[in-house]
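Okay, here's the structure, questions in a sec.
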Amino acid sequence: MVRLSDLAHGQEAECFGALSKKEPGTDKNGNPFVRCYFRDKRVVRVAPLWFANPIREVSEGWPVGEAYRLKVRGDQTARYGFQLEIIAGRPVIEDDKADGYDFFDLVESTDYSPDLLFETIHGYIDRYIQEECLATLVRRILDENEVSFKRMPAAQAFHHSFTGGLLEHVWSMTRVSGFLAEHYGKYYSKLDPPLNRGVIVAAAILHDIGKLRELVYHPVEVKYSTVGSLVGHVLLGRDLVREVARTIAGFPDETLLLLEHAILAHHGKEEFGAPKAPQTIEALIVHYADDIDSKINAAARERLRSTTDEQFTDKVFALGRRIYKGIPQEPAVDDPKDLTA
Amino acid sequence: MVRLSDLAHGQEAECFGALSKKEPGTDKNGNPFVRCYFRDKRVVRVAPLWFANPIREVSEGWPVGEAYRLKVRGDQTARYGFQLEIIAGRPVIEDDKADGYDFFDLVESTDYSPDLLFETIHGYIDRYIQEECLATLVRRILDENEVSFKRMPAAQAFHHSFTGGLLEHVWSMTRVSGFLAEHYGKYYSKLDPPLNRGVIVAAAILHDIGKLRELVYHPVEVKYSTVGSLVGHVLLGRDLVREVARTIAGFPDETLLLLEHAILAHHGKEEFGAPKAPQTIEALIVHYADDIDSKINAAARERLRSTTDEQFTDKVFALGRRIYKGIPQEPAVDDPKDLTA
Amino acid sequence: MVRLSDLAHGQEAECFGALSKKEPGTDKNGNPFVRCYFRDKRVVRVAPLWFANPIREVSEGWPVGEAYRLKVRGDQTARYGFQLEIIAGRPVIEDDKADGYDFFDLVESTDYSPDLLFETIHGYIDRYIQEECLATLVRRILDENEVSFKRMPAAQAFHHSFTGGLLEHVWSMTRVSGFLAEHYGKYYSKLDPPLNRGVIVAAAILHDIGKLRELVYHPVEVKYSTVGSLVGHVLLGRDLVREVARTIAGFPDETLLLLEHAILAHHGKEEFGAPKAPQTIEALIVHYADDIDSKINAAARERLRSTTDEQFTDKVFALGRRIYKGIPQEPAVDDPKDLTA
Amino acid sequence: MVRLSDLAHGQEAECFGALSKKEPGTDKNGNPFVRCYFRDKRVVRVAPLWFANPIREVSEGWPVGEAYRLKVRGDQTARYGFQLEIIAGRPVIEDDKADGYDFFDLVESTDYSPDLLFETIHGYIDRYIQEECLATLVRRILDENEVSFKRMPAAQAFHHSFTGGLLEHVWSMTRVSGFLAEHYGKYYSKLDPPLNRGVIVAAAILHDIGKLRELVYHPVEVKYSTVGSLVGHVLLGRDLVREVARTIAGFPDETLLLLEHAILAHHGKEEFGAPKAPQTIEALIVHYADDIDSKINAAARERLRSTTDEQFTDKVFALGRRIYKGIPQEPAVDDPKDLTA
Amino acid sequence: MVRLSDLAHGQEAECFGALSKKEPGTDKNGNPFVRCYFRDKRVVRVAPLWFANPIREVSEGWPVGEAYRLKVRGDQTARYGFQLEIIAGRPVIEDDKADGYDFFDLVESTDYSPDLLFETIHGYIDRYIQEECLATLVRRILDENEVSFKRMPAAQAFHHSFTGGLLEHVWSMTRVSGFLAEHYGKYYSKLDPPLNRGVIVAAAILHDIGKLRELVYHPVEVKYSTVGSLVGHVLLGRDLVREVARTIAGFPDETLLLLEHAILAHHGKEEFGAPKAPQTIEALIVHYADDIDSKINAAARERLRSTTDEQFTDKVFALGRRIYKGIPQEPAVDDPKDLTA
Amino acid sequence: MVRLSDLAHGQEAECFGALSKKEPGTDKNGNPFVRCYFRDKRVVRVAPLWFANPIREVSEGWPVGEAYRLKVRGDQTARYGFQLEIIAGRPVIEDDKADGYDFFDLVESTDYSPDLLFETIHGYIDRYIQEECLATLVRRILDENEVSFKRMPAAQAFHHSFTGGLLEHVWSMTRVSGFLAEHYGKYYSKLDPPLNRGVIVAAAILHDIGKLRELVYHPVEVKYSTVGSLVGHVLLGRDLVREVARTIAGFPDETLLLLEHAILAHHGKEEFGAPKAPQTIEALIVHYADDIDSKINAAARERLRSTTDEQFTDKVFALGRRIYKGIPQEPAVDDPKDLTA
């Protein structure tokens, strides 16, 4: 097996690839053809399947978003760049794992273990949320949505837009929120009532939970559901919180209100889609932690992605500007003298 | 009985007045006194109750927002304007109605009969909403909230900010929405699905229903409830709709979604507090009808209120500018020559 | 005759088409060629006329914007999509009508009869405008500009951007204005002077009349005139009103001022090109009716145009967002006559 | 005679003053009184006329905005500041000039001679406008409006808001425009057509001519006319230009269009009230010259007005910030040691 | 001694007070008087010194911003509120400390020990800044500006606007920055070069150091220096960093550039006064930490300050909205049943 | 020699061209090729160098931004437009000047002599700057940066974006500033201190001097330096001024502060990158002169560049709109028939 992204011009090999798009067309003679796009974690390659290619007809039954085992030849063209010539192909089967197949090698996804992230978030509940009802609420929502939560991206684009991105974002942002809750709780210890750490951490964990209803998971390109477009994740998340809270006897109204408000306000301003701007310090902290985490993710991912010689990345969409990459640290082994020593 | 607004300088009389504010203070000698503000539909008058005035102590038990029967003397002062000297007073009783007491004479309120407006709105349901579930939903919400709905203002300021204002606004705005639904339904008769008149009219009737929870009724000055500030009437209204829809067997999901969206989107833009901007033609119509009705109300009320000689009103807050009053139509009888002819 | 939009790959047929653009070029050998674009109501097709094609030279004398009778062959290419091969062609002549030629089949145009719309607008004058001078003014302007008014689009893009679009928009928007004038006239019947229904309806009819000078009519793509760009239709329309009013003896100053103001203010805000924002209720109503009508047209046309499987249209430029299309009503069983035939 | 602004506490003297406002009231006993405000160039003083004061009744016939000869006594009060006690008074008469009466000493007005400014502007016409029709147009408008033009302020507030301010602004701004026309005309001498200096200077002179219709002159506080509010000086000025151009045989269309456009566009942006933003270099120059001249006037007047020890002026409204005053140049003679040396 | 804020009506006592303002005036008889405003940490009180009061003349030599020992009588007036009657007074002397005088009791100041905060910040240098040059730079700047840094407010208003406020803000914001530097450094450990923790912490400590030149310290009301207004603390801080860096041999250019950029960019956007928006992740972190810390301080101080019964504070200027105060935790002893148990 | 822009289809000739870009690629067979782009003042032409072309390998050593002497054949293609076929080529040598080589014929550059512009600016120093220290400062900075200053563009795009553009802009903008300084100095002659003409002219000359550090000169396409992106020319220019001022004994603080402020504020508003908005009249004048000069340059260049038949140019990026070109003046002699008549 060769990685799709490692395939060279003229090389013939077997590769795994996720089918990310199919573009049907008609050739000069009026015959149908199709352009299939296959990807692994690092590249997307186009494979034109012309009329006469027997794979063309087979491919009609291949759903987009699934993985395939392909026999291909690399073809570097002057006009259309690198293309794949498909010699054979079929959907992956269980046995392919023996040959190294792993779906998450084929899509852009978190570098962290979803299981570990999920567990770490559970640890934050134990550590920060003392009100039992509230801890129950958060645990119940997490556990009932575990599968979906472990793989959903945080967004279609913008930040953490990859499989597992939502979980990675929630982990990081909850860690930041927890620190801020402790810091400002102590700093302003005279506040009465004191800062509600439990609400801050619960809202951090749940702030984007509505995305599980807003988005329709797809390993390659998530879509918006209809209710996601017409109602949106901010409200859908609050709905879920209210529904579950209703099942927990004696859930305190005030705690629920503070939690709802922090979720509703996490976009920070009306023009960014918050039905209400933050009116509690708890909601302010959740909003800022979300904002920092998404912006730094956008900047850091762009730095990691950028492979040009330029000193700046391309424009980071979420920030509206380019990011300075700095001077890479030369690893010692790069020096040939070291190698021959 | 004399109307509070008709009381002249030096005149002593009995009046009804609603107590709109109490301002306690301390006089030069360190003795407590209080300034009570009484109003009828047209004026607010201040009544200073000095330390020695026996009514001062009595008034401590008078709640703000209630009506009182007062014996007063008018006092036009050079420095503080027209004041009331309170000679005697007590809360109104049932028998005062015989003397002409009507609470709605004491506060700014709609010129229309709340009962008639309410009935007219019910007529719109019959006329425009054919889907039975939907008609049931709207009727049930109206009937369960009839008392509160008949007296709530539409806002603290801005537009329809008087007792019964919400109902007046909903009546007018529903009438406009109904017309637009019919007009554009016929105009774009090729749309499939066609414009949903039922959803438009239901959303028009219910768009501000959350104000019954957002605001705390007060005949003189409404306040925001805590949940009103932290969650807001847009969401509270949608919550109510969902709660009631859940009690109606077989309520269609699609109808509920269209209705929810139209309520959520009625402020038109995110920066004006709509969690989602209108994404259906139904929601666009509801938004525009709301916008027109509130802006024209603000302008028309200011024209009606303005009694100066200026050709323009004061600045209308909701519009950010003054309104031209035009040339009043001289009634023929104003000309003394006509009178003596 | 075959409709241009129905022509299939490989099919040879006669079609009518409007020439919308000509792009001259030079081929590999330095020889001139030209790409002609022909359209009917639904599609635009490119026809490359290579150097050797005898029609190429003939086509040099064909003005853009006119209709042609063509003998063509359809050619679906893999790389350049569907193209036309022109075998013969000539400008249409009167006799082509016998073969079904109708210019308005070749361009995007209103679905309504311009004559009927025009007549309906005259009906609104009769119904709403009681001041005789004002009715005369509106009728005179309409009649003097009838031909141009019946075919002009309302805009280059944005809304009602098709032949007859201005008339369609003015009809709909006047209908809405007339309703609002009546509704608010009765609602605020205490206003003195009362709402001026005549001014509202006159301004609705004439608000965009300056577009007849701002735009240069073209069946396929209207252009801005120089004075249109440098002065604009808002002022040009007011100029026309003043010019005609000057010819009507005894035209009241106040009526003219109210009418001028409503036309000048119809864009609603300075940043949208209104030299003055609306300062009368009449002008507010005209502005809102214009705004609603243009936005709903943009949304409805996009819904009608959209043929994808997506639940949302493409982004509607005038709104800045996509519109939810809803669930189409399944037709087959809808017509009982079909079933029993 | 003593200057109103020089009158000291307890001093009794004769002064001239312009009556800028009258505020009627009712005293503690219900008797009417009135507060008259008199001003000279530097101060405004309040004069309470109590019920018993015989001047009170006399003053009822005194129109605001006129000059009066007063016998007064200065009265510095702890609570109400400096007040005037009026002993006698009457409107000024011709003979008062012998005693030094000059209306322009009583109001804020230009430091320059209106006649000289007017003449200088005529000189710019001779110098810069070679097209005879255009020069005729400008001269005719100036001459027909000479009286009004010589005294109107440029605005109610903001900049040049004093008697003669419009003329002063037009003079300065035309001088700047003339220079820019020459400089950029030579700089970009390859432009075809070349920069039209005549249009630039004509538009500079006439850009605010509509203010003569927008504002109603008042020596103390100008007001907006109704047509000024509803149509505005930008359009009223263009109307005047078109009206006069129509009386000049053979006035070239292109010149008129360029001039109209430069007047319409002089506010620079739609949101600042320009129906069209500048689309010619001529219009750009006129806009910039207007912008500079008004902003520098606002800043310079505030520096001249500021008499505090602070290093910065108060906030300049037109700029939204305070202006640094710099280090005054100490005249050598100010130091008493130098004087006695 | 009695605290100024504890003085009751009619009570005569000795108090310490800081003189915050002097307002000279002239009484009804033309005699001079002065209103002195004295404050302690919690209240500001006005003391009118009438003409005849012997203290009036003495007070002419009292500079504003200093502390005084006063013998006063409290006077609650009906019209002017609580006033002080000054019986005697003098500037404080060293011996007054024996009577409990502490200047910081008289002004609003940090609740934390400046010495401890300063020391803690030094601890952050040791912990986070490994590059020796950079640590030297930060230590040198801190130590050379220790006195000024320990007492300056962070702003005239907005946030941390009290004596010692700058230090308190820098401490908190550095703590937050240090945490974020560690968190994101580990999170994005693949970045090359890695996040520069030293630069983040150094910029956090120094980001507002220019305020020591921008503001002129005053215990009651800081002012802007001229260079502060014309150049601003953002640039003045960077200047200081460059000046000191120049004195440190071998200071790396890249480190200096990253530090300069983070200081220049800490306001986050051009419109908030950042000459450049953040273009490094280091600068993003410093900006966000500054933003959070100032906004939460503004909200928390307002909650601590608010003593009304309302559920919301007054509007927090820095946020543009009110903050929900929540339900205070009832101390057990408040329950009368507990008391009588 | 033939001008590159004059080369015709099929013509073989020698041309000079500046190499503006190289795009390497791989052809259908996997062989490398490169597209070179050569330009002269008026056109940019692409020259594909296929694998087999011997020049391809040679060209690998050709740096971008340099001039080359080429033997080429013109090739007008149908699909890719006009291309160059390179037959031979080498970098230019000294002797090529004999054949008419001039680098400035190959790049877009100022129409004016850099030497003359530079000299003229020196003349403005002599004329306007009387303070000797200040004149020394400006002269020293100019002379030390003469080479760089004479060729730098004023920007990457936007305005004066061509070789020598910075100098041309500074000349024109200084001329305008000098006039405004004189005009407003006399107009507001009562200001104390008077307008500082020296500071205005010095700031005009130096306002963009930081661009010499912000940009990296390239005859074809300038780039931003790292420090240019992270700090920016506004601050870099001020740094240079401070550095040089420090070397001039007795340079007055106040003059330096006014100069620094005018440079820092020349972008006019914070959102346009001015760390401080103008707070002196001197800084206002410099800002406005810069603004006018850049906007008029953008408009005028676009008019000169536009060769279409349209009455308007393309959209001018710096203005956001198109510019009316006006009616060209037909020189009578242009018609050859007239000439031969």
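Going by the order they are written in, the chains are A, B, C, D, E and F; count residues from 1 in each one.
The rule is short, and it goes like this: contacts are C-beta pairs under 8 Å (C-beta built on N, C-alpha and C of every residue); 3 or more make two chains touch, one makes a residue touch a chain.
Since we're looking at a predicted model, the values are computed, not measured.
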**OP:** Spell out the chains that contact chain A while also contacting chain C.
**Re:** B, F
**OP:** Based on which chains touch which, give the shortest step count from chain A to chain F.
**Re:** 1
Subject >> Contact-richer chain pair [D-F vs D-E] >> reply: D-F
Original post:
What's the rotation, in steps of 5°, that superposes chain A's Cα atoms on chain E?
Top reply: 180
**OP:** Round to the nearest whole Å and give the separation of the Cα centres of chain B and chain D.
**Re:** 45
**OP:** Between chain C and chain E, tell me the centre distance in angstrom, where each centre is the average of that chain's C-alpha atoms.
**Re:** 63
**OP:** Round to the nearest whole Å and give the separation of the Cα centres of chain C and chain D.
**Re:** 48
Subject >> Contacts with 2+ other chains: residues of chain A >> reply: 226, 229-230, 261, 279-280, 312, 322, 324
**OP:** Indicate which of the five shapes (line, ring, star, complete, other) describes how the chains touch one another.
**Re:** other
**OP:** Throw together a list of every chain pair that touches.
**Re:** A-B, A-C, A-E, A-F, B-C, B-D, B-E, C-D, C-F, D-E, D-F, E-F
Original post:
Taking the complex as given, what residues does chain F use to touch chain A?
Top reply: 25-28, 30, 33, 226, 229-230
Subject >> Contact set on chain E toward chain B in their complex >> reply: 9-10, 76-79, 311-312, 322, 324
Original post:
Which bits of chain F are touching chain E when the two form their complex?
Top reply: 226-227, 229-232, 234-235, 238, 257, 260-261, 264, 269-273, 275-276, 279-280
**OP:** Would you mind writing out the residues of chain D in touch with chain F in their complex?
**Re:** 111, 172, 175-176, 179-180, 183-184, 187-188, 190-194, 196, 254, 258, 261, 277, 279-281, 284-285, 288, 291-292, 295-296, 299-300, 303-304, 312, 319, 321-324, 326-329
